[in-house]
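Both complexes shown next keep chain A, but they swap its partner, so chain B is in the first and chain C is in the second.
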Partner chain A sequence: MSHDNAAAPETAAPDMTGITRKQLKRMRRFDNPWNNPKLIWGIGLLLGIVLLGVLGRFFWDPELVFTGAGMPRQGPVGIENLRGQVGTWAHPLGTDVSGKDILALLIVGAPNSLYVGVLASLIGMSIGIFLGFSAGYTGGRVDDVIRVSSDVMITIPPLLILVVVQASFGDITLTMMAILIAAFVWQSPTRLIRAQVLSMRESGYVQMARLSGASNMHIMFREMLPNLVPYLFGSFIANVTTSIVTAVGLEVLGLGPQRVPTLGRVIYDAISSAALTQNMWWWWGFPTILLGVMFIGLLLINLGLDEVSNPRLRKL
Partner chain B sequence: MGRIPLSYLLNRLFTLFLTVFIAATLIWIIPRLSPVNPVDVMLGRMASGGGSVENSGAILAQLTERFGLNDPWYVQFWLYIKNTLTFDFGISTASFPTPVASMIAAALPWTLGLMIVSLIITFIIGNLLGALMVWEHTPRLWKVAIPAAMVFTSIPPILSGLLLMYIFSSQLGWFPLNGAYGLNTEPGWSLDFAGSVLYHGFLPAMSIVVVTFGFWALGMRGLMITVQGEDYTILAKAKGLRKRYILYRYMIRNAILPQITAFALKIGMLVAGQVLVERIFAYNGMGKLLYDAILDQDFPVIQGVSFVIILMTAVAVFLVDLIYPFIDPRIRHGA
Partner chain C sequence: MSVLDIKNIHIDFPTSKGVVHAVTDVTLSIEKGRRIGFIGESGSGKTTTALAAMRMLANPGFVAGGEVHLNSLDGDTNVLHLDDEQMRRVRLRKISYIPQGAMNSLNPVMRVDAQIWDAVVAHEGGLSQADLQARSDTALDGVGLDPKVVGRLFPHELSGGMKQRVCIAIGTCLTPDLIIADEPTSALDVITQRHVMQTLREMQEKIGAGLILIGHDMGLMAQSVDDIAVLKKGVLVEFGPVRKIIEDAEHPYTRELIASVPLVGGDSFLSAQASPPKGERLDKPLLELDGVSKQYGAVTALHPMSFALDGEEPKIISIVGQSGSGKSTMGSLMLGFNDPSAGQVRFKGDDINAMSAGAKLAFRKQVQAVFQDPYACFNPFYRVNHALKFPYENFGMGGDVQTAMEEACTAVGLDPSLVLGRYPHQLSGGQRQRLIVARALMLSPKLLIADEPVSMVDASLRATILANIHDLKDKHGISIIYITHDLATAYHVSDYVMVLYHGHVVEAGPPKEVIGDPQHAYTRLLIDSIPWPDLDRDWGDADDARAALDELARIGGTPETVYRGDIPGFTLGQG
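Moving on, here comes the complex of A and B:
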């Protein structure tokens, strides 16, 4: 017996389930819902793109985005173009038909796309939070007006109105484009928040706060808003995606900012110069892949956030 | 129509008209806020075409009068609304004097056809795959493959279109690079033409399907998880019904209902995505018309196309709202 007692603490775990303390700590760490592989991968991919934009400027000359920066129609390193010239390290990802360096275009263009998406979504969210709370909490006539107008605006595709705007005004800045897009991304957060506020309004803690004489502002923003944080995050990310899709759509149609390099603009130039038939795949291929990575990152973040706020999804 | 109460119908009709009215108003106001004058654009085009324009002052005055730009704004607005609601969008300035309505009428069937086909395919594939993600009897391989395919969900169809076009048209040469039908096939009700249309439409439709099925699959997955735990599903299992019967008649049948309303929220994005796909594939639809109009600064066409597409979206949402009570007998509107 004494032999057994002496051996036990060294080999087996101190508790009944046979799990060592180290394993237990690991499990606790991994049990944290925020420690979600999808979320982490998504954030990682997006951070990579941000880093490309921020650090890229130190390693690569952003001035190369201008016409005539290098030999036109160069392939990426080691790739031969139609004239039989082999790409060199001077332009690792090749150049377009007017000699713009593709790597520099990516470094300058990618942050521009993200900037438009995040700014438009931030503005849209702020409007959505304000209107959603006003509608859900105040009710009555205010609610009717906000509900109907968000129902109406959600059916209008932003791209088409923005095409009209751009076609009549000509060149616009990135910030202007973000503000215009924001005018079409407030509807879904408004609806979402309104629905949540309506269901929370009758819940115990809100009634408690009301009974203890808290002001409407206090109830809305200090009591209710913190409960909505996971939804708001999810909605924010979804809106960033929508905004970037709309911005890229405008750029691919040849609209959008004319003087700032954007990824959509590069694709537009490539398509209109028949890069597909001339087999200059690097011209449209790299921006397409980079945008794809950006969207996949955003999707993963959104899926991860879904799992964080809805434990039922986590089992899968 | 016994099932749909009048008040509900009127409510939806009101929203439909309001949507169309607001869209029309926006399309009208925006160009008027801009400093660009359409008459100048028209004159510029004439000047570039014919070298010099004689009596340009007189032409300018006449054009201004012809477009009614001297009338007060409310008269202009009233005329515009009246014309728009009767599908009279004026005359194209780039391919003068073709009426915009006839250009749109020629392009609309292509867009509608491509949209309906790709929507039906995505809806079926997406919902089926979403259901299979949750179903406990799905083969293991599928359980791994479906989430992997979902990665492409949030990519806009232009990007997938570019990639598919490069691989299958440019490199492999399996599909044509552009157009909606072959140049040497006569449009008409022949087998030859139908085959050509299907052949040309395959890649554009695929590039939409590949990136949009995930939206439905994700929604379906969430709904199926809820349905899976419901008492009626457990009872069906306890009764010993066949697995597939439970999947189709009990689980999917109940989970699919909210998916149909999700349609209303998504359709705007789908339409916009398709416009861009048409532009890449040079498909003879509204997207190409819009793109050409933007290049030519052809304002009446831009306005007309935008309006018709918004109208299509609004009508689709309206129809979904009306059909819904027939699909879900539990819904009793306004009762």
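Moving on, here comes the complex of A and C:
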């Protein structure tokens, strides 16, 4: 018995003959899972929204979000409003009843909505990672308390509580709103991480690390956490989506920040000023489209990440 | 007349790295009533070839060329030309399949007889309840299970061997022309394995079907089949009657496969070392178990046990037993992963479960382990170096890590440039297990707990890895506790053997006595159940196996320990 035996693969070697260039290109994509079209498109869409906020400030005047910035009730370029006025390039996407420029509202509002979602999700994930590891790794009483409380919290509809809280707060800042929403998005990452940690705790490499005299901190953050990264990413993106939906829901009810433009706030104003009966579709239409783009982007990222972490979903 | 003819079959798997020709140009025929063994290592294409006959290849595999003729079909006999509905009728009725893991192949929410009715109804249409009951009773009766009792049970109420026999009952209830059994006993211990294999043989002879037995154990093949087909990397390297293959194999690979099965009493695969280096002299024993027992709820995994191992002269102590005998519990108790329910585990006189953090680190440095599963032992996120480097640095061992790693790899027969810096999934199971041995070597502990270190490694590599472990004792003066179910390897590597049964030591002593000439009924049964790659040493028939199981049940209660002599440096507590 020779020693080289261990190095030789037991399966027959792959044969590369008769493979077209196109097939080869697809195979390469398979090799680098991050090179995933869904992921790239999703990131592209979200980056587009961020760029809209950043570059928009240079090419368009953000001061136009204030009341009386232009003629009220103007349609987008070339579109006639009910008074027969045709929209001009002064307000390419039109204006609302008080003369606020819709394009400026989108440029300022879209990044704000995204900011609330990302911040709420970041806070929620941090809480989730901390509680999930504590519950899964420590076990016993700690686990019981964390598990029961996260299970209870999952059954409470967040909008119900948030409506009450925000209504009593009156005007709040974006950051405050993100913190409030974060109080309702930590449960699912907690459960997810707890379950993963429970199964990983018995795995061979964790036992090996214990044999190596590793501390609990080392085992949790150096051995386990890296293997959770795909789950964490997926959970993070899902949480951003939930947070944005919750934030927009509150804003459309008129409960969000009163002085800061957000996409939900624009839609609320449109509804309360009877934009639907005045046929001012551009007022609520453009923010809705932007929200749609945001959600599609997040969905694509999530699907892409799923394929990255689960090779079975990838197709040759 | 042949039942199945496979002609020039090619099977390809397109993968990201190119097309893998899993099976290349295999031609063979299976005669009626004859048993063919497909043997080869994992990835050799043995299962793939057999599954192609049922058109059940795993995605994305496909038959790239060749023909498979099932001769009992009317008209066109080529199985590859059938449509899905015709193929459905062929499966189970003409060709049945007995899977590897019976625990996963039975429906957990259906009673056993209902699962047999399912099979009958799918192929013969609706029958009356009485007819169905009669069919399932016959099928269960045939495999030696009591239909009145077992038929009404759910799969989780059965033992592993019973589940596998239920699978055989399902596989034979429609009297197929061909039975494909894919490593049907790989998850079972030797005693149950013998019973299941004999049941399978009996049923196959009764219905006169052909049998394809897929496996990697030459001994099991020798005891069960008529012809052997040896596959390597998708190529049929040798095919012939079992006696010719075992006694006069032509292909070197076949000879290697046969040689890799260690025999009790045969030549040792280890090279003897003149004078092993001595360990340090201690006042207290290196490892001492003092009345240690372990209970899980109402189940006693380990009855009170005491032994002392002084580390002065390195020893290999084997703990042998079936699954559930408490041997792995002993391993985790000795590593301090598990607290004993009673008694103390002492290392150099200190209770390992009452150590300060500093003492615990020192204990960890001196007691290392090799586990069963080489796939799970590496963190998939890191390169394999991490597993070697981290403990080395954590224990504050001086010297250059890189040199130490390279030396350790070379010592276990690995080329450092080929394995270091790779990710675990890029290495084979054998390479990973050797790396774990290299890790142990690098840390130069005083004691190594090897828990089934070779049971998940391909047969041809087992001897090499065991030799690596044996070298740890001979060349590096490390005492080793070798936990295994494999008596033949324990016979060769160990200085002292303890046979464990239901948490009791039933027989203990030097291996030549315990395994070479067993006295206790359980040890004898274990040794009789090993399938020897020797045609003249018959395994007995199903009645023998049944009698043996009855014997086992009789001694089940409180077995007596048979002491077969002592060796210096190790004392097993009496009583």
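Note that the second predicted complex is superposed on the first by the 286 of 316 C-alpha atoms of A that agree within 3 Å, B and C clash if a C-alpha of one lies under 4 Å from a C-alpha of the other, contacts with A are read in each partner's own complex, and residues count from 1 in each chain.
Definition applied: a residue touches a chain if its C-beta (ideal position, glycine included) is under 8 Å from a C-beta of that chain, and two chains touch if they have at least 3 such contacts.
Not measured: the values here are computed from a predicted model.
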{"item": "Contacts of A:252 with chain B and chain C, given as first, second, both or neither", "value": "first"}
{"item": "Which of chain B and chain C A:82 touches, first, second, both or neither", "value": "neither"}
{"item": "Per-residue contact with chain A, leading partner among chain C and chain B", "value": "B"}
{"item": "Partner chain in contact with A:90 - chain B first, chain C second, else both or neither", "value": "neither"}
{"item": "Partner chain(s) touched by A:212 [first = chain B, second = chain C, both, neither]", "value": "second"}
{"item": "Chain A positions touched by chain B in one structure and by chain C in the second", "value": "316"}
{"item": "Touching residues on chain C, where the partner in the complex is chain A", "value": "14-22, 24, 41-45, 60, 233-235, 256, 259-260, 335, 337, 360-361, 364-365, 368-369, 371, 373, 375-382, 387, 390-391, 394-395, 413-415, 418, 428, 430-431, 434, 436, 458, 460-461, 463-464"}
{"item": "Touching residues (chain side chain A, partner chain B) in the complex", "value": "148, 151-161, 163-165, 167-170, 188, 241-242, 245-246, 248-249, 252-255, 267, 271, 276-277, 279, 281, 284-285, 288, 291-292, 295-296, 298-299, 302-303, 306, 310, 312-313, 316"}
{"item": "Complex contacts: residues of chain B adjacent to chain A", "value": "15, 18-19, 22-23, 26-27, 30-31, 33-34, 36, 133-134, 151-156, 158-159, 162-163, 165-166, 169-170, 177, 218, 221-222, 225-226, 264-265, 267-269, 271-273, 275-276, 279-280, 290-291, 294-295, 297, 299, 302-303, 305-306, 309-310, 313-314, 317"}
{"item": "Chain A to chain C touching residues, read off their complex", "value": "1, 3, 5-7, 9-16, 18-19, 27, 30-31, 203-205, 207-214, 223, 226-227, 316"}
